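First the structure, then my questions, so here it is.
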Amino acid sequence: MRLLLVNPNMTQAMTDSMAAIARQLAGTRADIVPLTATRGFPYIASRAEAQIAGGVALEMIAENLEGIDAVVIAAFGDPGLIAAREIFDVPVVGMAEASVLSAAMLGERFSIVTFSPVMRRWYSDCVAATGLGQRFTGVRTPQRHAPDVLHARTAQRAALIELSRAAALEDGADVVILGGAPLAGLAPEIADEVPAVVIDPIATATAQALALASLRIAGPSRASRPIGKSSVGLSPALSRIIAAESPLPG
Amino acid sequence: MRLLLVNPNMTQAMTDSMAAIARQLAGTRADIVPLTATRGFPYIASRAEAQIAGGVALEMIAENLEGIDAVVIAAFGDPGLIAAREIFDVPVVGMAEASVLSAAMLGERFSIVTFSPVMRRWYSDCVAATGLGQRFTGVRTPQRHAPDVLHARTAQRAALIELSRAAALEDGADVVILGGAPLAGLAPEIADEVPAVVIDPIATATAQALALASLRIAGPSRASRPIGKSSVGLSPALSRIIAAESPLPG
Amino acid sequence: MRLLLVNPNMTQAMTDSMAAIARQLAGTRADIVPLTATRGFPYIASRAEAQIAGGVALEMIAENLEGIDAVVIAAFGDPGLIAAREIFDVPVVGMAEASVLSAAMLGERFSIVTFSPVMRRWYSDCVAATGLGQRFTGVRTPQRHAPDVLHARTAQRAALIELSRAAALEDGADVVILGGAPLAGLAPEIADEVPAVVIDPIATATAQALALASLRIAGPSRASRPIGKSSVGLSPALSRIIAAESPLPG
Amino acid sequence: MRLLLVNPNMTQAMTDSMAAIARQLAGTRADIVPLTATRGFPYIASRAEAQIAGGVALEMIAENLEGIDAVVIAAFGDPGLIAAREIFDVPVVGMAEASVLSAAMLGERFSIVTFSPVMRRWYSDCVAATGLGQRFTGVRTPQRHAPDVLHARTAQRAALIELSRAAALEDGADVVILGGAPLAGLAPEIADEVPAVVIDPIATATAQALALASLRIAGPSRASRPIGKSSVGLSPALSRIIAAESPLPG
Amino acid sequence: MRLLLVNPNMTQAMTDSMAAIARQLAGTRADIVPLTATRGFPYIASRAEAQIAGGVALEMIAENLEGIDAVVIAAFGDPGLIAAREIFDVPVVGMAEASVLSAAMLGERFSIVTFSPVMRRWYSDCVAATGLGQRFTGVRTPQRHAPDVLHARTAQRAALIELSRAAALEDGADVVILGGAPLAGLAPEIADEVPAVVIDPIATATAQALALASLRIAGPSRASRPIGKSSVGLSPALSRIIAAESPLPG
Amino acid sequence: MRLLLVNPNMTQAMTDSMAAIARQLAGTRADIVPLTATRGFPYIASRAEAQIAGGVALEMIAENLEGIDAVVIAAFGDPGLIAAREIFDVPVVGMAEASVLSAAMLGERFSIVTFSPVMRRWYSDCVAATGLGQRFTGVRTPQRHAPDVLHARTAQRAALIELSRAAALEDGADVVILGGAPLAGLAPEIADEVPAVVIDPIATATAQALALASLRIAGPSRASRPIGKSSVGLSPALSRIIAAESPLPG
């Protein structure tokens, strides 16, 4: 199998660390094809940025879909996920959604711990969008934003352990999701210090992409596929996919 | 006052008819500045198209914000609305959201009637996003999609009256929203034949934009504004706005 | 246009200050016709009082409806609002509901800040009644009730600023509603000190009443209007309106 | 024990039939003290009427509270219930609420069957107000309103059996509530013909009032009691109760 | 009447104290038939234990159903309640569910106070299962688990009063439920020290069992009864009941 | 890896067909260890049966846990799932829950199609328990129960295709789940005839068990694990697991 790992952030180092984790998880089962955005933002932290980066993600997927069995949108917050699912005929998985739905199979309540208060709103909105808000005990973050996002995993390690413990012991989370691409790989390192299941979103999203791809589900004839549309200004591959004929409901 | 009426669809005729209704509603209170998308789709009907068109809408707003008191995103489905609200310092109103929230002040339950089954999912998702799903009695549409969307208002008039009556009498809607830019202007024409309040989304969105602008609310210092970000590939005006410094929460 | 501003509280000074704000907002667009209850309570603070004052409000509206384009029920908590909307053929707007629904167009989450813990329950119930409870971050109030309600706006100004800041920074509210007639006019005075949109309920309700009236919606034939009823002991005007024939559903 | 059975409708015949059922249920356990409204409406069918009749009910209770152990508000729709519960120190039970909460102990899902489509909205809103809307399968009624409400029980008997069967077999209701004072006493007569538990609201409300009274719960010191208020125009007994001192929260 | 009081815990002392309270409440109205589990756990505190103890409860009920008018499952958390309600033709009441639904008739919001943090999750899940989660202000418990569960009522009395006061004054609960069999009988003792209605689950469940039994509802023909099934390894009485023919829906 | 496939139904033929599908999905990645219940029911169709069979499943798992990496509870309806997750330190997956959560990654709305109206209530309750009820479009079944459950897959094939088409085209389901062990293997056979994603619960549950096991999550130290308990009458293996010491919260 081949998994497309689309990082809609422009930070290559994040892509590299996430691709390494995905490869470790996939082993010999799948090739990981990583891509880094060349337009947009160094890292996405708001709905406005996700609006734009989600469009970029659609183009990245469309241009690289050949021979791909499943897609991982490799930014916690899942820019473009719902849109991608409408038009591509392979499973598309988001890091936040896959983490939340997996957490729901690993415990009753789950929490998100992340590196900056700046991410709180967007992540909360992502959980609400899944429909599982009532099982969510909230986002815990350090009180202040540290500008060096890339090294949050090491620089904030002690604080993140403390926040994860509080999520388990005070908020009652059975599962703690370490949200945000900069924290990729931290979960197994701190799991022993947290009295909850701790999950790594990129490992989880990779596992889910493999799981869904293994079901060999056909997609093209779905009644819910949008009707074909002409367009202006899109990349040729995306424009072609959106223009494709599709069955009308009814 | 000056209202920016941003049509993220590429169909000029829709912009013209919506601008005429907005001008009639605004009278001497505001100048209406209409814009039509030059990239994207003739009309938006899916989440995938809204993902892209929402990014286009952000650029259209950013480039034309000078001297503007409020913005109307003039496509039912509100592409880019949540994103725009995060970064622009004037009220931003969407046709669907403004209709739904106004409907909630005009009755207990509301319905959407529109011209094609193709729109059903996107519109339903818009209502759910407001949080008012429990007061929503559903979308009623003709059974089949008619390709000539632009003339739906006249070609399907009888069917739309029948659907509106069913929304009131069978579904219990107190308010019927005639969703979709192609139906702009139909509401007052058929109101007498429907035993419910019938509202026109573009008139309603214009009224709401004027109402919110009249409150003269200052926005720049909001704690929820995203922190400034560098970017690549955005229009200069949008890039500048997203790069602006903003207060951090905490 | 003419707006009826019905204060179901018996405190004339509250009516005066609210009428002044409504007039400032309406400018030349509408005459404001203020009324103060002559039965009931100095100010309403519970469901029990709202039950009675809501009936008083219905009579006040019925007796003064001639030539009126929209009604504002000028007590946060909206006594009689749902009832009034069933039987009167003009838009009826409540201060709490209009604030909540407007807040939902100005941000993702909203909070209420008010002058006394005594109001907390009633206000929370009002928000729940709109259906938007999931976007509500709660009511913040001083810990103790101060008997001089009328001067809360000046006497508690510093505390109210602090509560509003906490609503934004700790609870994550994008919009803070300064609830309760005694706080009318405070919002613009403290907006600069609060990192959120701060809204004044009477200004907001007036803006919404003008917005809904500008839609020129006809009401009389709604399927949801109650059937006509005879009555005993009501004021003649209200009795007449409730006795009016109306179309039966079905 | 003594139960006050307050009919906020003005129809004495309804009070008589409900009092007979309450007496049969209570047996020697309690005296039933029935009261019929002398102001208001022959029977209540809307929120507007309930606004007024609820105020009447408060006065009826206040004036007759001496020696009473619990109160039943004997109109399905429960006018004044929430208000009464705030200010009176004995349990107050409503026919709709008691039926809904009892139904939730007798099965997973419940339905309301009633005699006229005119009642549908008000009854649905009552269920939503309890918070149990997700277990509610809806209101089933005859398609047309029959003006002779008082004899609905006999005149519509066959239709009501058919509607109850449909509620069970098509909607999946485990419990069918025969809503509305005119149907008092019908439940045991048709229970054998309906494959669901069928409950009579007045019997159920009486049973609940006895149950809550038997718990001998003290009420006066509740933190949620409203603070005392002066008033104008209320009956002396109600005015006295609302003026009573009460502990402030905090 | 005869009420079966089934304690699915194996602790006879708990059964004795609960039976005493049930007898006091029932007076001459009903005989209380208490049973203590002979398999399972000393006291149930988790979903896993409730899975097993619920099956034990079904067998205890089946074997003792002769001449019984209603059943109380006498463990807060209600093991086997939903299952029992499907197959037995008398009302079956659970301590947690009866407390929650009664609380909903005694105030707007309710809280649970209990003796150990160990119980928090299970009790919260019980409330959510009723559908009334939005009126629930949470579980308050001492911070640490005290192994001597049986004497929690006396040993933790001061702490439980403090927690109940906090539930009322800080969380806004109108009603406090003292959850857990070991606290049976505490409610009337501490009611005067708590500014909320305080209810005792076993008294409340007994009152509800009597109330539902007094409605003399017939059950056998319900469409929702499961179809008859053969079984292996069940007690003969339970096997017989589950094998009974029943009407199919449709 | 080794997956325990626990069929809490007593029908060996169901176990065989499910094990075959699980083996096909797992390929060389895992050994499938199938077990069939020796107590309980031929097939489970109600909450009462699930109460008992869930206890049986706990014992089956406890006795066969040695060397197991994940557990699949192989009955749609997931008897014992929540209980098992509390006490076993490997991932435990249910057919219904895994199908619902996977469906949520494959589309916006999902439906269940099954072979008998008898299953409707139990399956609906399972979906509600996940928290995703708002994305669920309901259960579609044939109108009548056919006693030969085992051959439903072939005997009702045409009807099940028709129901699946209706779920997609009328109810708007993006994903159709073919619920119930007797339908194992049908999904790929009919997928081409249904304009929706069609998923097979046993294949999906196997894929999810493999995915969760691949995350190599450690469980023993979770704060949510119940405290150790003595017991009477349980199988020795289960008794030992429930008696194990575990960390207390706090």
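Just so it is clear, A, B, C, D, E and F label the chains in written order, and each chain counts residues from 1 on its own.
The criterion applied here is as follows: a residue touches a chain if its C-beta (ideal position, glycine included) is under 8 Å from a C-beta of that chain, and two chains touch if they have at least 3 such contacts.
By chain, with names taken from UniProt: A, B, C, D, E, F = Aspartate/glutamate racemase family protein.
Note that the structure is a prediction, hence the values are computed from the model and not measured.
By residue number, the contact pairs of E-F overlap by more than half with those of exactly one pair in C-D, A-E or D-F, and this pair is C-D.
Taking shared numbers over all numbers used, the chain B to chain C interface scores over half, which places it in the same class. One inter-chain figure worth recording: chain C and chain F are separated by 51 Å, centre to centre, where each centre is the mean of the chain's CA atoms. One finds 29 Å separating the Cα centroids of chain A and chain B.
For this pair, chain B with chain F, the centres built from the Cα atoms lie 43 Å apart. Touching of two or more other chains is recorded for residues 82, 108, 120-121, 134, 172, 224, 249-250 of chain C.
Those residues of chain E whose C-beta lies close enough to touch chain D in the complex are 25, 29, 82, 85, 91, 93, 97-98, 101-102, 104-108, 130-132, 134-135, 168-169, 172, 174, 188, 191-192, 195-200, 203-204, 207-208, 210-212, 214-219, 221-224, 247, 249-250.
Within the complex formed with chain C, the residues of chain E that make contact are 108, 134, 172. Within the complex formed with chain C, the chain D residues making contact are 10, 38-42, 45-52, 54-56, 58, 80, 82-84, 86-87, 117-118, 120-121, 143-145, 224, 226-227, 229-234, 242, 248-250.
Residue ranges on chain E touching chain A, taken from their complex, read 120-121, 125, 128, 133.
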